[in-house]
Amino acid sequence: MPIIIVNYKTYSEATGKKAVKLSKIAEDVNKETGVNISVAPQLADIKSVCDAVSIPVFAQHIDPILPGNSTGHVLLESVKEAGAIGTLINHSERRLKLCDIETIIARTRESDMVSVVCTNNAAVSEAAAALKPDIVSLEPPELIGTGIPVSKTKPEVVKDTVTLVRHVNPDVATLCGAGITKGEDVAAALNLGTMGVLVASGIVKAKDPHKVIMEFAEAITNSM
Amino acid sequence: MPIIIVNYKTYSEATGKKAVKLSKIAEDVNKETGVNISVAPQLADIKSVCDAVSIPVFAQHIDPILPGNSTGHVLLESVKEAGAIGTLINHSERRLKLCDIETIIARTRESDMVSVVCTNNAAVSEAAAALKPDIVSLEPPELIGTGIPVSKTKPEVVKDTVTLVRHVNPDVATLCGAGITKGEDVAAALNLGTMGVLVASGIVKAKDPHKVIMEFAEAITNSM
Amino acid sequence: MPIIIVNYKTYSEATGKKAVKLSKIAEDVNKETGVNISVAPQLADIKSVCDAVSIPVFAQHIDPILPGNSTGHVLLESVKEAGAIGTLINHSERRLKLCDIETIIARTRESDMVSVVCTNNAAVSEAAAALKPDIVSLEPPELIGTGIPVSKTKPEVVKDTVTLVRHVNPDVATLCGAGITKGEDVAAALNLGTMGVLVASGIVKAKDPHKVIMEFAEAITNSM
Amino acid sequence: MPIIIVNYKTYSEATGKKAVKLSKIAEDVNKETGVNISVAPQLADIKSVCDAVSIPVFAQHIDPILPGNSTGHVLLESVKEAGAIGTLINHSERRLKLCDIETIIARTRESDMVSVVCTNNAAVSEAAAALKPDIVSLEPPELIGTGIPVSKTKPEVVKDTVTLVRHVNPDVATLCGAGITKGEDVAAALNLGTMGVLVASGIVKAKDPHKVIMEFAEAITNSM
């Protein structure tokens, strides 16, 4: 079942009340189309967003810690109680140590939370898949925020990633992201064997986010 | 005007609903005694706590970033909109680069938020004071969580810190923390010239937090 | 062909002239027994050690950088020109980001240097093997420096690691380390399918390093 | 007494044998002019450079550690025994935590090594000076490697830094760096009250390094 995850990053357009508003737009499209649209707001906004909408909410990051003495860090239990059902891990703007990625995936597994590990190339995707997360999301850093879609510019990297991840562990799904701004980019991603897209500025900074999310969702329903 | 800041760290006893409950206890003592009791819950709990109580709420950490591409980081604007009036900076469990501490203090100043820079000794406190935060909070890491109160075990370090900070910038207040569990530890801190205490396990892990906060608050009212 | 790698860490007993002296002892045992004994001195000592002995010398760490603007970082070319033939990567005392491990392994491959990726458990070893280093070295952090040998205390973890690494990529060899102080620990490591050991305090802090290295080397010759 | 410190960074032009060669050129100019020209080669090159020349040699970085279990880190004792007489600290390409800067400065002081703390603006310079290093070196990161000289483009920042550093501690000298490529940039730096310059590409990447170092040295002798 295809999925769109919208990463709110630390954009002004998706902070505080605006995060709630954008999440309601995503929820509207979900209701209209039935497509799984998930959102990843900032930590301080998770609770408000979860209280306002019923679509799945992800944290953007959690730390490899247990409850205790970790001032200023992000505890899985805190984002789970706030309503998040999963978390991004190792986003290109928040790269993590290999051993910490393993610890975080293990913690999400024990806590029935969905783990989405971001990766920068096919080799790293293969290594990440060996750690048995739920999802690996390929995002070549050089394309992030450019509007040059990974699914159309680097189709072979996406395809290699899908193949390698599947080979290591058929239970791990692959997403792709970076430069996704149009429905056709989403369609291209699905054609390459991914389960969907991780998108940020393409939606958050769109003049009309509803229109863009709808276009993405339709690309998914058309592909099914 | 003396102050008690309660750092919730990532303790189970102060996560989610328990963070709200503990904050209400702190608010009760504030109402009963008039003493300024502030709390620093986890990021995901700031909004809930701010919605539930009227005492000042601090973030435990913010990142040296502007709105934009900083997935998984903590934006000042996000914690401010959630209701925080200030932030801890450079806690011993979240040490920061010197240049980032300067950037964060500058950001809090522009945004009218209160900056509390944590330090490990007198020399570092002096350097931190040069950056003109509102508050420097000395916490010798080796005493944190031990129940051995800095204000009684290392009075000369606290005294030196108060003197050095005042010398660098008379507008910067000094707190101390680490091992504070009793009213007499708070009284000792005030006698050494501090403006109060930063406390964590002494309150969060107390069997009866109301009793301990009340004891701390009374130590403050008795000293005035 | 089995191998012993001696990690000098930042021990006083293996800094500067003492690093050269210890390396000559290792070289003596190599000459006497024919066993491959490699050493990993500190960065500032690589050149002196390489000038003094003919056994293989490893760096303890290199950074994921190309020549250029990276003040204070470790460039592959600098340690290679100093005489190192390979490098440790991701030691438990110098953990790295997943994407940086991949970059460093790729750089060593292009430069014909030997890559030894340290790991903390079987899952991480499997992920590391997917990145195609020459060697994966399992070292459970909790046993490092304890004298409790991983090869005798956690044989199942070593065995699992050997199996998983071989499954992912049969060209990747496995070492193990942590708590190795006796010849029988080395023999146990070989029996579990490893290609040898990564050892530090067991040799560097030994009263008679020559005796201990000899004991290790004999465990290897006896196993062949 | 004015000083020029040449930071070799990880430039190809100043790695291995080329580091030794460039150091000999610097030594030649020192002999011809009497001006203090120091060099900061990569860690793996410190020993070779110190063995080849008699001018002062700095490390580019050391870690806040004591001898022991710190694989892949840089021990003060290792660079000192290799011949370094001091170290850069907190370069813009290797920023450090505030508490680590304090620890490193304290370690250099105990070991009679010269500490040069790099800073990015006047406020951070003031804080660094409070830690009592020997030298604070202001380098606005946005000018590094540009050829736009800090001493001519941002004279007020250099002047403020000199004033603030002197006010905090008259024993701390100030250098400046970034964009320094000509003798007149050095002269401008001295006119603003600095004790000299920290320079990298302006010399390392010069077609004729001897000529540029000589030009810098003459700017110093002319100013005296």
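Every chain is named by a letter (A, B, C and D) in the order it is written, and numbering of its residues begins at 1.
Just so it is clear, contacts are C-beta pairs under 8 Å (C-beta built on N, C-alpha and C of every residue); 3 or more make two chains touch, one makes a residue touch a chain.
Small disclaimer: the values here were computed from a predicted structure and weren't measured.
Chemist: Could you tell me which chains make contact with chain A and chain C both?
Modeler: Per touch definition, common to chain A and chain C: zero chains.
Chemist: List every chain that touches both chain A and chain B.
Modeler: none
Chemist: Counting only C-alpha atoms to place each centre, which chain is farthest from chain C?
Modeler: If we average the C-alpha coordinates per chain, B ends up farthest from chain C.
Chemist: With chain centres defined as C-alpha means, what is the inter-centre distance between chain B and chain C in Å?
Modeler: Distance between chain centres: 44 Å.
Chemist: Please work out the Cα centroid separation of chain C and chain D, and write it as a whole number of Å.
Modeler: Comparing mean C-alpha positions, chain D is 34 Å from chain C.
Chemist: Touching two or more other chains, which residues of chain C qualify?
Modeler: Chain C, residues with two or more chain partners: not present.
Chemist: Throw together a list of every chain pair that touches.
Modeler: Here the touching pairs of chains are A-B, A-C, B-D, C-D.
Chemist: In the complex of these two chains, what residues of chain D are touching chain C?
Modeler: Of all residues in chain D, those touching chain C are 7, 9-12, 15-17, 40, 42-48, 59-61, 65, 67-75, 77-79, 81-82, 88, 91-94, 144-145, 200.
Chemist: Which part of chain C faces chain A closely enough to touch in the complex?
Modeler: Its residues touching chain A are 90, 95-102, 106, 119-121, 123-124, 126-132, 168.
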